[in-house]
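Below: one structure, written as structure tokens.
Chain IDs A, B, C, D and E follow the sequence of writing; residue 1 opens each chain.
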């Protein structure tokens, strides 16, 4: 390895901490503060808060649509039923109804729960998923921030969710909850590494962690078939990695066939067994935002982010995220759940090995071609 | 290379014996110990050195190989013999063989270890008497202690643990004092020596090249080093008041070990005194002549008096050794040819005679299982040969003419009377001579009570003559003693030759 | 710096929205204290024992394995970042690729060992069980 | 130089370290191929072979003058340095590892997880070897952890034995804290100098300016980390527990090799990174610190050892005492003094100590195997049953005490002597007095074995061959180091002198 | 811009909090967490001064520190597990087979 690793640059004090260079793209807060005519820290603060509120609400809206309505519709379609069609057009107002219903339910606090942890856990889950969106380019300038460490930050933020699950399971004073949280941990642990290592194989191509640059790197034309320029999306460049990443992502967000943390037929509802009312809503919300975060990561890493013809970037991004959501719902109906031992074996003996193989092969290929 | 071969063969023999089964260990050890005897006799026959090894005389069988360098000082493997060392080498090899043979009867437990340790000790003793580099010498010097510690501690009498520890602690502390004293001297020499080679250091010291050290003046350093070394060796000799380990060790040690202890180990102390204190620092020795002579005389008298009070035969011989060593010191401080030469000769003579005494006491003890004077009488009836030799040895001790003891003591007294190191020397000599009377007294008294009269020891077995292999070593020793008494020049010639250079400086004072 | 202000803002919002929902819910929902309602759910049975049961040792094994491998990815990431640009700037494969292959090779040895020694087996196979009893005897 | 000399590529200079690491991997692979069968001979053989190969290569490099004649070989921009010091200590580690591997053959024969045991030993040895050749504080820390982490596991290896687990826990707790302290110290030094490379630290620490206090605290904390690794005051109190509770071969490994590794890296770091000429005038007087530590450590270790009834614990405390002696190598330094000689003498002492102390602990391993007991009383009369082994133990004991006919005497002599030459006669005096005191408790073992009468029921059963061979090999080594001390100390002193150049 | 001394103070504070935890807590797991705090204090220094000096040495080393911290925790958890099995407690003062 290069000696660079342990010692690079001469020891000269610059006197100030390195100001990290502003991202190559104009971020949402910049746009907002620019529009408001603010600058400096105040501008950053105001712009950031408004932008964050905007992004969060977009996600909440998508989740609201996806959770109470789309999910039921899709499942019904797979099972050849009709669902939620009474209230409003296509039953869309069920979203409002459900929201009110769940929020106004009595909160039952079971005996012997570990109080602060039990209360904090439902906050952590949506918080972690939302935080991940801070660095995702949603297209059309809808990107809150574009730090150098973008994609790594997204992974890190998304992983905080595990902490919430453990807290919930452990604080609930319920055997099912405990088991559920343990399972979720085991699962997250087993699939986190393949996920990250597969992402690393993409980083080899891109050479950057900055999400906007990863997206930009995928805009080059890979090959032109019959006059249509196919962009160099990494899903095309490295389909194997794509497949691996999607599978690992499924496990990471705990969807079928990897939904054993909740496995309703085995452990009631897993870590959320004892939660009701708004606490339950928050879990529900968090899970769905998490699915969209997974979709967004896939889109950014493999599907060219918000890029796409004709339509604006934001629409394409939403399409890609929803595509992944649809995929998870399809999997929910089409694929049986794996057992915990199978899950672990697939993770450690299959995914891990394959992901490392993928990394090494990618590195070798890139090296040889370069 | 003969010296290296001698030491190596002895080491190898000790290992071989250690690994041999108990059954054959004694025979094997005796047979193997003949090799160094032959070797040392061969050395004697080819001996051609003259002068003192330390003062620049020629050295026989010398080898000098650089060993390691430490902080600017080169340590060499330097061995060789001169007229002082060679007789001691011969004494060591001969006495070891005889001691091993005499151990056949009393030692019946862990035999291979016993004989292995005896040979191991012999090898190190040979090293002590031949080494001419301080470091090599010190290594051998200390290595002698280990086998002795075990020999006393494992095969000794009832209080063997106490005796062994006492021996070990006394001698080790003494070694430490001596070591520090000597190294301080070497430091004091500064740049004038770059080795720990004893001849080089001795010559530098005699040439007066000693400088100060860390603000200590040369004179003070010399005195302090002299005292430290003297104390260190005095314990080994032993000289009153450092003698208390000796009776314990002797009494508890099995007889063959006592033979080695009295016969050779004590000589290490006097040999080292001669080599270090009296050769290297003659001025200081003369400066301290009165106290040294006083200590010598006290040793003589006090040792003899103590012997007189003992009931245990071994204790009697042990204390009489203290007394005899007093003569040696007296001879050394006399700084005349006869004084120093006689002291050296007395080392050999005393080695043989005390060996003979301990051995014959051992033979009697093997038969009677007691050493108490009061318990025995009339042994002459039952063990005539052994008793005869014992009596002969006792007379040797008393200084009967035509025996080695007489020659040694005579030379010492002659030398001491002639000495000019202090005006009081004749006085001291006369006082020391009084010791002879006491020795004669206690020996005759003990002999008379144990050996003659009616036999009255009650045993459940027949007390009869000792076996041949017990008697032969005694006979050989007796013959040697008489031979040395009749013709002391066998050794005295080379001894005189070797001590003469020492006196060029000291004797004139 | 301002990026992180924005991210922090999203963090604040991310905490604020759930808390806001909790507040809203607290205003809306009823609270009827009733005995038996707060009993923890155990499929309708009366709950027995503590919920903090001892669980499968395999959870620890997986956790330990994860700890090791996940941290190694920390060391892989910087490499992926510079790999291509280093190659483009003239570094040889021996400088860029081989060390990482060695690193991953060592990791793989560890994984193989863990695999073969049953660290990633959730249910001990009969073979492993037999071995265990054999060793104990 | 001979015309046939082959010029090896530069990276092969770390071949000894690589060999150790490779051995660990091979062991794991062998275990992976067939985890069900336990073949102690094969595993111990691979381990011993790897160590001996390392020993051979390191010895060859040392003799051939690799990294010594033409200046140190620097790899990875100076992060790894192969020179006399690193090769010298690698020889020590490899020797000890070989002895421990051979001895563990019997010790482990009936236990599970053998391959893991050997692999951990090899990994720890790799870490130690890396420690000796670290040229950057980063590699120092990483290799220190690489040496420590397997050691924790090894100490707690007997996981059903409460003593072993407790020992492992205490070792780990103290180790974790001290490594955190160490890391913080490194970060402070980095804060002041802006570099982790020892040579660059040295050149810029002199201009610390306002941050001299920070630098001082950093140096102090780094010294603390080394104190832990070398079992010196104030991080010594893990040592008696860990050595007593651990499997005896591991006690041997830790108390010899691990300690030597700590000194190896401390020598290099303090000699190279914190040069006395520039640091001491700033008020960071680390030789004084080590002088105090040395005196306290040796005195405390020896007095504590003298009061023990348990032989293993006695050896453990005596090992603390020996750390105190070796600390003289860091304490008796001064600007312009014969620093190379002092440090070299300390290295030579550690070399000899590697043999005699390993041998002593392995003898205890053998006694544990015999199931005789652990106290002095239990050792009574062992010599009647196992004379050769007891001869070996006697050699170790007297050599540890510093009696002349053994290697330990020369190494202590050289150490004290060089301290006196450096003007630190009081250090040498304290050392000599302690050394004399130590004879008391060492000779107790000897006395028990040889002179005391055995208990009636003393029955040793079969002699474990592997341990026996290892003990005898260590004894022969201790004896041979008397005549062969010259080249050892010369190599050490020239290697140490090169550090100060 | 934040003066660099503040980072030193922050790191020292975190370090002391960790040290305090070590000195006062008996639970082995809390002990581990305290050690992690101390290591992270070192990381704060490394990263802050990496920026101050304008080289990546400190940052890179902090990665290694993290990796080693994790490995240390792995070993530590293993030892605490066997501790629990042998002493039915994760109290570090429970293990007193040998005297200190």
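Quick note on the criterion: a contact is a pair of C-beta atoms (placed from the backbone, for glycine too) under 8 Å apart; a residue touches a chain by one contact, two chains touch by 3 or more.
Given the structure is predicted, the values throughout are model-derived calculations rather than measurements.
Shared contact partners of chain B and chain D: not a single chain qualifies.
Separation of chain B from chain C in touch steps, taking the shortest path, is 2.
Summed over C-beta pairs in contact, the chain pair with the top total is A-C.
Of all chains shown, the one whose average CA position lies nearest the global CA mean is D. Farthest from chain B in terms of Cα centroid separation is A. Averaged C-alpha coordinates give centres for chain A and chain E that are 31 Å from one another. Mean C-alpha positions place chain D and chain E at a centre distance of 26 Å. Look at where the CA atoms of chain A average out and do the same for chain C: the two points lie 16 Å apart. As a whole-number value, the distance joining the C-alpha centres of chain C and chain E reads 20 Å. Annotation for chain E: residues 48, 52-53, 55, 57, 60-61, 64, 71, 78 touch two or more other chains. For chain C, residues touching at least two other chains, in rising order: 63, 70, 78, 115.
Contacts with at least two other chains are made by residues 1, 5-7, 11-13 of chain A.
Contacts from chain E toward chain D in the complex involve residues 8, 11, 15, 18, 22, 28, 31-32, 35, 38-39, 41-46, 48-49, 52-53, 55, 57-58, 60-61, 64-65, 68, 71-72, 75-76, 78-80, 82-83, 85-87, 92, 95-98, 100. Chain contact summary for the complex, chain C toward chain E: residues 60, 63-64, 67-68, 70-72, 74-75, 78.
Every residue of chain D that touches chain C in the complex is listed here, in rising order: 25, 28-29, 31-33, 35-36, 38, 112.
Every residue of chain C that touches chain D in the complex is listed here, in rising order: 106, 109-110, 112-113, 115-118, 127, 131, 135. Residues 18-19, 66-72, 75, 110, 113, 124, 138-143, 146, 150, 153-154, 160-161, 164-165, 168, 172-173, 176, 187, 214 of chain B are the ones touching chain D in the complex.
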